Each structure stands twice: as structure tokens, then as C-alpha cells.
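Each of the next two complexes has chain A plus one other chain: chain B in the first, chain C in the second.
Up next is the complex of A and B:
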């Protein structure tokens, strides 16, 4: 099967190269048959990538350790659903996932075009197939997922235990969907600029995919943050790591594009800016993929360096994308990208969107600068330097405050121009709400030193009030018009203008999310403490009492999967019972000929299983790291006993029975004489609202992206009318 | 003011703002940055008052867990030159001997053993678990082939 998989990749590369050629010739000569053949090459690429993807997934599912990638990332003790996700924890597997998703989304896009943008599409198809050729070639010459060994090992390394978390199964898929979907607007922008047709139809086609990419990338980022908070033992959800930043960059510029494209749609303005933004977003999406694989920056998320092929090929691709984009924008600036109208007033929706774009691009620039600062500093001074989270926060916090404020003001300003008095009439209610929240913040927040957090509460409340006011006004107007109830009217309101009202819901979600971030990062209480059983610690008024130890052995398919050591911790406040948490640490076995029979079970990965009481106002978060050094002399003695017995000819079956008894004894020993454990205790206010805010954002995004029934109907009617007109013309 | 002149003035103002922003970013990033080093660079020269971002691998057999801190050595990725690090604070789950880490350190100062450093609290990070590749278990000397 590996041979079939490899053949699929070779055929896919051939299909891409053929498709690029015929699409370009078809576009230049206007021969539709060649353009059609190019589109078919794209469909073929998708089918071939899908077959290769399924072959590799089957190998993971059946634990076929002939495949190097399967043996290095999976095992028979890995649950079947995590085996499927183990594929993209490897460099080669993730490249195949990228290719499959890119080919799938591109094929879907071309199908959905249904003959529109006939002159632009062949160039776009050529660009998309170019990406396909690039990723296929990287796999064939740099990191093949179908590398095999003649004799398979008996067991694989297994999926890293930290990745055995539900959201990690879909986090990479969503992230890569975002990246790959952003290449579609990029490809169509290149096509539109080549044929000098940056018109309304291009805007419509581009916006849908930009919105879908924005949504998928956002979901991917938030799932990664949730995994970090819920699975890793440090209690945070964002660390400003280069690879995290790389996923944020296209999301930020994509957000800017989704706003500014509205100005082009309504007023025919900002065409250069929009083309630049969409091209930059596509390039940043590739850069995000590149940073994970290049090793050019020290990142905790970067794949290990595997030769020079991958860094050099990605660098070349990014340079080509930037050079091509700059050339096209400069050469088209005086015709296809010429603005059709001018900014009438600074008090207009256009100006507000422009301000929003400037802020978003500034945030993106700050993140880009900080991320690449090690390379910049090395180029300028010869010394590699890096900036940490405080530097990012210094710029990101004030810019985020302005952004949330603008998300409240912007939608209330009319297109072209409005008067200050009219604007004030719309904003005075929300301003009153903001004032009340400001007073409340001063009264109830524990310290006035966290001024930026308090400002965020105020501007967040203002933005939420503006959006709710607009949703309520629209609903009330529909109720008056139709006589329907509020729920029915609200539903009608959403369905009549999904982009506008979906946008309001997104703004509410963003404000909620930022309020959650501000509260949880500014008013967090953290304490690292070592506790024996019976001891207690106090954090933020809560008392944490380590009541008793817990220990157990988990098996899967007759094999030991992990040993779990933990504690029951009773939490009280002012003497009243709050909850009981059960943090623990899992110890997974390692593979290695030099490891002892017992110590092998402590030589693998150890992961924290956190204890969490999530609440609307605060989370109580607890991670435990047992000090098992006191058990290690016993483990080593066990190793020696087993080594001696094996030398004396102990049968493997008897060895397994004795080993199980030895591990049982170890677990019992842990329960009866538990060692002290290191605990990280966090009382974290309002983290709940970070996840709720994200959910609201994605709900709004779904509403905005959902195809309008009326739109489809109108298109069908228009097509029917065109057909009738054509037939009448023939008569 | 004629429209062309107005446009030029606007462009100059916008470019000036951009230059000021980049200048501010450059100034603050250089003043707030830590030098990125590997252990061999720290062994060559160290400024006692400076903070460094140390990257390297945890030396096998060097990890000692104390009551309130851990001690370990970090070596270059490509050779055995190493420095000692004392650290208290959150230790990421994937942290273990042989693994690549990034940590902000300062010189332990006078009285401490030479080439020993103190890790700043909560700055220890380890390679993301999705990205390190364990070598596949040996199948008994079988050669790797490309299908």
C-alpha cells in the first residue's frame, strides 16, 4: 500500500505540473477546453491526495509499523481515535494533511464558481495547482510519509501523551483549513490582477473564502489555546511563541480584509489596500506553515530540522509570493486598482473601517516584528536577540483597547458622512452603560493598578451595548412590520442581512473574549507549593487541603497504557466546602533496549491531568507533579531482580505476571506512603468568558458565512432569465 | 490646497507616522530584548548584569530535583559544551533529560560555581510535544527504504 501512496504523490505532482501548464496556456489563448482540463487536473489532485491520505490513515489505524511515520508517532496502546489524529503530529503526515485540505477546498471552490470569473479562474487554478505541486514535491524530496522499513518493529513509540486530548484531534485540521482556505483568495487576487479585473464579482467570490478561512483559523487558534489551558501544566492559554504568532498574523490581516472589502463593495475605494491585504494574508498563511517547519526561529512548536530542503524551498516560495504580489500591485495601481471615489468625511463608516484596518495592521506588524526580531537583530547587529511576552503586551494591549472601542463606534456611523449629533444620539445609551461599568469597576476591582484591564471592561461593555442595541432596534422594527413575536422577528432579521447582523454578533463575542482575557491575565492568583498528604495551602481566600493520594494502572488491549499518581484535594472557602479536585500525573512507558523492566514505565512521557472547577466568575485550576524520586530506589531494585531472573531463564509469560504484580505493589506503596507533590494552584477570574466569547464569535461567523437563501434563488432566477433571453435572441 | 498637493501631504504624514512607529518598535525591542545564546556562547563570555535567552538540550543524567528548585545542565544542540542552571517555578510536563528547552537565565554571580546560571521564574519552556520526533523503535537492523 505504501507503494500505491507514493505513486499517488508522484501522479499528483504530474497532475499539478500538467494543470499549471494547460491553465496558463488556456488563459493566455482563451481556449476553454484547456482551462477545463486545468480544472480537471485540480480535481485529480484532490482525488490522488485523498487516496494517499486514506492509505496513511489506514496504516495508522491498523498500526502498520512498516511505515516509519506510524512507528514514530503511534502504537497499539494508543486509542484508535487518537491513532487517526497521530498522522498530523508528524512532519510528513501534516504536509499530506495540508495538501489534501488545500486540494479539497480548491476543488470545492472551482465547482462552486459554476462558470463565473471565466477569465480569472484559469490563473487562479494555476496558482492553486502551483501550491499543490510545491507541497507534493516537498513530500517526495524532503519528507515522505510513505517511507517504510523491511522489518516492522513490534511496537511503536506512540502518540505523545500530551496530544491525547479531544481538541487536539481537530485543532491542526482547523488551523490547516484556515491556512489552505486563505490561499484561495490569494490565488483569485493574482488572477484578477493579471487580467486587471478587480470587480464586484471578484469581491463576492473572494469574500466567502476569506470568511471561511478566518472562521476556521480562529477556531484552530482557540482550540490550541483551550488545549494549552486544559492539558499543559502551566495554566496559561497564550505564550506569544513564534508559531502561535504565525497563526495569528493571517487571522489579523484577514480580519482587516473582511472589513475593508466592504468599502470596496459599497464605494469602489481602497482597491490597492484590499489587494495588498489579501495577498499579504495568503503569504502570511504560507509563512505560518513555513515557520513550523523551517527551524529559522527558536520555537517550542517548530518541527525539528530535517535537512535543508524544507527551509530553502519554503523560503523560495515566500520570496516568490512577495515579489509577484508587489509586482502585480505596482503595475496595476493606475488602472485596475484605481479608486472609484474618495473619502467624503472623517465621520463616515469608511473612515471608521479604515481606522479599524490601521489598528489591525499595526497589531499584525508588531507581532511580525517581535516574532522575527531574532533574525532582524542578528542582521543589524550580528547578535541574536529575542523579545518576551511583556514586550508584546506593551503594544497589543492598547491597540486591542482601541480595536474594541472601534468595534462599537464603527457600525453606528453611516456610509459617506454623518453628523456628530446624530452619532451621539445612537451612542448615548451605550455610553451610559460604559459609564456605569466604569463606576462598578472602580468599586469592585481589588486593585486600581490594573488600569488597562479596567479600561477594557468599559470599552467592552460599550461595544456590547452598541451591538445589542442595534440587534434590538432591528428586531423591534421587524416586530412592528410583521406583527410576529420577538424570537421570530430576530430570526428574520438575521436571515435578511446575515453579514451585518452576523457581524454584530461577532463584535459582541470579541468584546466578551477580550474582557475575559483582561480579567484572567490581570487578576490571576498563582502559587507554586509543595504539599504532603494532610497539608494545606491558601490562595485567594481558598484553602486547598491535600486529603489523600490516588494511584492506579490503566491498561488497553491487555497492555499497560499508563500509571497514574495523583491526589484528592479538598477546596474550602471561609470553612465552607467548595469542591474536591483530583489532579494527577500520568506516566507512560518508553521503548528502549537499555531500560530496566520496571523503570521503563517511568522513562516515558509524564503528563499532568489537571483538576479544574470551571465557573462563570472564576476557575479553580490545579496541577500536580508528584515527587516520585523516593520510589526510584525500589524501581531500580525491581530492575535488578528482573534482570537476574531473565538471565536465569524466566519465561516471558511468567515475567509479565511478575511484572504486573511488581507494578501493583508499587501503586499500593504509593497509596500507603505517598511522597510530597509539587502543586501549581491558580484562581483565575473569568476565563470562562474567553471560551464563551470565542463561541459567540464563531456563531456570528457562521451566520455571516451561511449562504443566503435569497441569494441562491436570485442567482438561479438570473441564470434562467439569461437563458430565456438567449433563446429569444435565437428566435 | 490643490488635490495633488493634499495627497502628497497626506502621504508624507502617513509615512512619517509609520517611520515613528517602526523607530519606537526598534528602540523598545532592542532595549527589552534578551540575547539568544547557546551554552558555548555563555562559556565564551558573560555579562553578569545581563539576561540571556538560553536554548539547548538538557544533559542526560544532570537533572536533580530539590525541594523548591531543580538543577540541570544545558548543552549545545551539536556538541557537549554545557552550563549549569538552577530553576524554580513551573516546569512544563514535557521537560526531561535530552529534551530541547528555552529558558531566560542570569549569571549566578560571585560565590557560585563558574558557568552556573539562575533561571528566571516561569520562563522555562520545552519543545511542543507535537513537534519532536522520537526515533522509531529498532526493528532489528532493518534498512530504511523509500517506497
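Up next is the complex of A and C:
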């Protein structure tokens, strides 16, 4: 089947190149048949990519180690659900995932267009097929997922243990969905600029996909943060790591675009800015894909394979995207991108959106600069120097404070203009809430030195109060208009203007999320401590007593999957029992020619299984790193015995039985005389609210992105049309 | 590689060529009807956006963000723009509908 998979990729490349050609000729000559054939090439690309994807997934599921990519990233001891996800832990597999998602979303977009944007679409299809051609070519000439060997190894290397985490199964899919969906607004922006038609229809078509991309990418980022918190063993959810930053960048510029596009929709303003933002977002999405897979920047999240990626090809693509975008924006600035009106007042929602855009782009610039600083410093000084979290925090924290404040001010201001007295009337209630929170913060928080966190509590409370007030005022207005009850009116409010009120819910979520981040990063208590069994440590008033060791061997399908060494830790506060946590470390077999049968389990890096008691006010987080140096002499003795037995012709069947017995002995030894372990203990306030805030954001995003029900929209249209007709009669 | 593999590959190639090339074989009859479709779609999108603005403006006034005086003047302006859009739409859609009625 590998040959069929490879043939699918070759046909896909052919389809892409043909589709690019006929779409461009169709667009230039106005021959609809050619444009239609180009669209079909896009559908064919999706079907071919899907077949290739399914063939590779089948190979992973059945552990067909003839496929190099399967042998290098999976094993028979990998659970079946992780085997399915193991595909995108590999370079080639992730490129195929990218292609399948990009082709799928693009095909869906073209189907949904239903013949609209007829002059723009062929160019957009050509751009989308161009991306398809690029990724197919990278696979065919650089990192083929269908590379096979004549003789399959008996066992695969296995999935990277760090990736054996539930959220990692969908984190890359969501992230790549976000990246690939952002290429659609990019493609349509290119098309619209070429035909000089950056109009209302383009806005309508673009915003839907930008919103979907924003939502998918946001979910991907949060799942990645959750993975970092629960799996990486350092206790945080955000480290300003290059790969994390790469996913944040298009999300930030995408957020700016989703705000500023509304100004264009309403006032025909900021067209240059919007075109630049959407083009930059598409380019940053490609850059994000590149950073995860290239290894040009050191990252704990980058899963690279030496010699497989073709960095120059991605660099070329990004350069072409930037150059093409700059050319189109500059050449269209005086006609298609000319502003139709001017800002009426600084006290208007347009002005607030503009300020929000400036802040978002400034944050994106800080993240971009900090992420690429190692490359910049190397180019200028010859030395690769990285900037750490304190550098990012120095600039990002004040900007985030302004952003949250603006997310509170924006909803209170009307479009076009508002008066200072009306603004003050809207502001009084939320300002009072903010004042109360400020007083509470001073009284409750343990130290007043964390000024930025305190300010975040205040501006966050202000933003939440404003949005809740707006939701209530809107509901009350609907109640007055229709005479319905509050719940029914609230539902109508949301369904009649999903973008507006979904947006307010997103603002509430963002404020909650930032309050959680401020509290958990400013008031956390961390302690690294070495404990033998029976010893205890105290952190933030909690006493952690290492009660007993735990050790076990996990088997899957009759084969040894991993060894697990850990502890039971009893947590008390003021003598009262709180919880018992069970942190541990997993040891998976590594691959290497010089490794012994037993030591192979301890040659790689151990992964952490976190002990976590999550709560509304605080998380108690515990990671353990057992000191296994005292076990190593026994491990080496075991290696020697096995080596001797293998030389003497020990049968493989007998070898596994002896290995199991040896490891069992090791586990028993660990239980009977446990070595001391290094623990990282964190008492982390309000992390819970980071995840709750994210959930609220996604709920708001779903409301905003949900398509309007046809019937409702038609009724609204009819009613509005009648009102406009009445006005026409009066004029 | 079994005999099935080349058969599958050839079948895939044939299917792709047939599927992608189909529009080139079909006769194009409706080109004239599509001349104004882009413009109509754009006007419809602009009209929908204008309706949203009118609704939002009303909501801003009802939730106390906009004075009655400002609301009246802005509302009048937006409605005039909506009327203009409807007129443009009528010019494009009514003749087309009349043509269709005449031919049927």
C-alpha cells in the first residue's frame, strides 16, 4: 500500500500544478470551465491526500514496520489510540496531516462559496493549490511518509514518551487546523487584491474562516499549555518557548484582524491595515509550521528529524509570501485599499478597536522579536543568544494590562461617536466594581509587591463587569422590545447578533484567563526538595510527607512497555488531611546499539506523571524525579548476564521471560530499599481559572462563529427591508 | 508489490483525470447570466452589513451608549445608505428576473 500512498502524493502534486495553471488561466481569460476544473483539482487534492493519510494511519494502527516512519515513531507496546496520533509526531506524518487538513478546509471553503466571489475565487484556489503543491513536493523530495524497507524490524522505536498524553492526540490537529484555516483568508486576500475587489463580499467570506482559524488555533494553544502543565514536569503552562510563541503569533494578529475587519465592514476604513494583517497572519501560520519542524530555534516542543526537513524550502516560501504581499498592498493602496471614510470621533468604538489593534500588534512584535532574537543576535554578533521569560514579561505584561482594559472599554462605546457623559454613565458601575476589587486585592493578597498582578485583577474585574453589564442591558432592551422573559430575551439577544455578544463573552473569558495567569504566576510557591521515604517538606503551609515508594512494570500485548517508579505523598495542612498524591517517573526503553537489555530502560529521559490536586482557589502540584543511581550497579550486572546468555544462544522467547524476571527484581528492590527522590512542589493559586477562562473564550468563539439560522435571518432581512422601504417612502 | 497495486494506481490516475477534466468537456451555457453575479453578491453582503449596523445602532441607543439625537441622525444616514444599496440591487436583479420571466 506504500506504493499507492506514494502514487497519491505524486498525483496530488500533479493535480496541484494543473489546478494552479488552469485557475490562473481561467481567471485571466474569464473562462469559467477552466476555473471550475481548477476547483475540481482542489477537491481531487483533498481526496488524494485523504487516501494517503488513511493508508499511513492504517500502517500505524497495524504496526507495519516496513514503513520507516512507523518503525521510528510507534511500537507494538504503544496503545492503539496513541498509535493513531503517532503519525503526526513524525516529520513526514505531520506534513501529511497539514496537507490533508489544508486541502480539506480549502475544499470545504470552495464548496461553501456556492459560486460567490467568482472573480476572486480562481486566484484564491490557485494560491491554496500552490500551498498544496509546496507541501506535497516537500514530502516527495524531502520527507516521504511512504519510505519503506524490505525487511521490517521486529519492533519499532515507540512514540516519544512525552507525547503520550491525551491532549497531545488532538493538540497538533487543532494547531494545524488553525494554521491551515488561516491560509484561506490569506489566499482570498491575495485574490481580492489581484482583482482589486476588497469589498463587503470579501469581508463576509474572509471573516468566517479567520474566526474558525482563530478558534481552532486558540484551542490548540490551550491544549499545548495543558500538556506542558501536566506532562513536562517543570510546573508551568507557558514558557515563551519558540514553538509556543509561533502558535501565539498568528493568533494575536488574527485577533487584531477580527476586530479591525468590523471597522472595514461598517465604515470602509482601514483596508490597507486589514489586508496587511490577514496577509501577515497567513505568513505567520506558515512560519509556525516551519518552526515546529525545522529546528532553527531550540525548543522543548520542536520534534525535528535531522536531515529530513528542507529549511530553505520553507524560508523560500515565507520570503515569497512576504514579497508578494508587500507588492500587492503597495500597488493597490491608492485604489482597492483606499479608505472610504474617516474616524468621526476618538470616543467611538472604531477608535477603541484601533487602539486594541495597536496593542495586539505590539505584543505580536515583542513575541516575534524575542522568538527570533537568537537568529538576529547570531547574524549580528556571531553568537546565538536567547531571551528568557523575564524579557518577554517585561514588555508583554504591561501590554496585556492595556489590552484587558481596552476589552472593557470597547464594548461601552457606540460606533461612530458617543458623548463623554453617556460614557461615564456606562462606566460608573464597572468602575465601582474595579475599585472594590482593588481594595480587596490590597487586603487579601499576601504581598503588595506584585503590582502588575494587582492591576490585572482590577482591570480584569472592570472588563468582566462591563461585559456582564452589556449582556444585561441588551437583555433588558430585548425584554422591553418583545415583552419576553429574561432567559428568552437573552437567547434572542445572542442569536440576533452572535458576533457582538459572542465577542463580549470572549472578552469575559480573556479577562478571567488573564486574572488566572496573573495570580498563578505572581503568587505561586515553588520548592525543590530531596526527600527519602518518611521525610517531609512544607510549602505554603502544606506539609508533604513521602509515605511510601511505588514501583511497577506496565505491560501491553505481552510486552514490557515501561517501568514506573514513584511515591505516595500525603498532604496535610495544620495537621488535617488534605489529599494523597502519587507522582512518578516513567522509564521507556530507548534504542541504541550499545545499550544493554536492562539499561535500555534507563538510557532515555524519564517522563513525569504529575501528582495534582486541582481546586478552584489553588492547585497542589507535585513532580518526582527518583535518584536511581543506586540501582545502576544492579542494572549493569543484569546487562552483563543477559549479554552472556545471548552469546550462549538464549532464545528470544526465553530472553523476554528472563528480562521480565530481572526487571521484576529491580522493582522489588526499589520498593524494599527506595532511594531518595527529588521533588518539585508547587502550590499554585487560581490555575483553574486559566482553563475556565479559556473555556469561556471558546464558548464565546463558538457563539460568534455559529452560522445564523436561515429563517431568522430571512425574517430579519424582511423586517429591515420593510423598515428601509418605509424610510424610502418618507424620503 | 502485487498486481493489484499498479491497477489501483492506474484507476486513481484515470479517476483524477476524468474528474478534473470534466468541466472542460461540458458545454458552458450560462456565462451571460453570471456577468453581474459578483456585483449582486457584493451588494447583498453590503446590504446585510448595513442591516447589522442599523440593528447595532438601535441596540446602542437602547443600552444608553448613544444619545437620541445622535441615534436619529446616524440611523437616518444608515437607512439612506441601505436604500441606495437596495436601489442598486433592484437595478441588477429586476431586469434579470424579467428576462427569465419572458423566456419561460
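Assume the second predicted complex is superposed on the first by the 669 of 731 C-alpha atoms of A that agree within 3 Å, B and C clash if a C-alpha of one lies under 4 Å from a C-alpha of the other, contacts with A are read in each partner's own complex, and residues count from 1 in each chain.
Please note the rule applied: a residue touches a chain if its C-beta (ideal position, glycine included) is under 8 Å from a C-beta of that chain, and two chains touch if they have at least 3 such contacts.
Just so it is clear, the model here is predicted, and its values are computed rather than measured.
Chemist: So in the superposed three-chain picture, is A:491 touching just chain B, just chain C, both, or none of them (first/second/both/neither)?
Modeler: A:491: touches no partner chain.
Chemist: Does the superposition put A:374 against chain B (first), chain C (second), both, or neither?
Modeler: Once the two structures are laid over each other on A, A:374 reaches chain B alone.
Chemist: Look at A:500 in the shared chain and tell me whether it touches chain B only, chain C only, both, or neither; answer first, second, both or neither.
Modeler: second
Chemist: In the superposed arrangement, does A:72 touch chain B (first), chain C (second), both or neither?
Modeler: In the superposed model, A:72 contacts chain B only, not chain C.
Chemist: Between chain B (first) and chain C (second), which, if any, makes contact with A:3: first, second, both or neither?
Modeler: So A:3 meets both chain B and chain C here.
Chemist: So, A:37: does it touch chain B (first), chain C (second), both, or neither?
Modeler: In the superposition, A:37 touches chain C alone.
Chemist: Per the contact definition in the header, classify A:144: touching chain B only (first), chain C only (second), both, or neither.
Modeler: The first partner, chain B, only.
Chemist: Touching chain B and also chain C: which chain A residues?
Modeler: Overlap of chain B and chain C footprints on chain A: residues 3.
Chemist: Within the complex, which stretch of chain C touches chain A?
Modeler: 1, 5, 8-9, 12-13, 16, 19-24, 26, 28, 31, 34, 37-38, 41-42, 44-46, 48-49, 51-57, 59-67, 70, 74, 76, 79-80, 82-83, 86
Chemist: Going by the contact rule at the top, pick out the chain A residues touching chain B in the complex.
Modeler: It is residues 2-3, 5-6, 65, 68, 71-72, 89-91, 144, 146-157, 160-163, 168, 172, 232-235, 239, 241, 243, 292, 298-304, 362, 365-366, 369-370, 373-374, 377, 383-388, 390-391, 394-395, 528, 530, 591, 593, 605-608, 625, 627, 629, 678, 680 of chain A that touch chain B.
Chemist: Quick check: in the complex, which residue numbers of chain B touch chain A?
Modeler: Touch residues, chain B against chain A: 21, 25, 28-30, 32-37, 53, 55, 65, 67-68, 88-94, 96, 102, 104, 122-123, 125-140, 142-147.
Chemist: Taking the complex as given, what residues does chain A use to touch chain C?
Modeler: Touch residues, chain A against chain C: 1, 3-4, 7-8, 11, 14-15, 18-19, 32-34, 36-37, 40-41, 43-44, 48, 51, 115-119, 197, 199-201, 203-204, 265-266, 412-419, 422-423, 425-426, 470, 473-474, 477, 480-481, 496-497, 500, 716-717, 720-721, 723-725, 727-728, 731.
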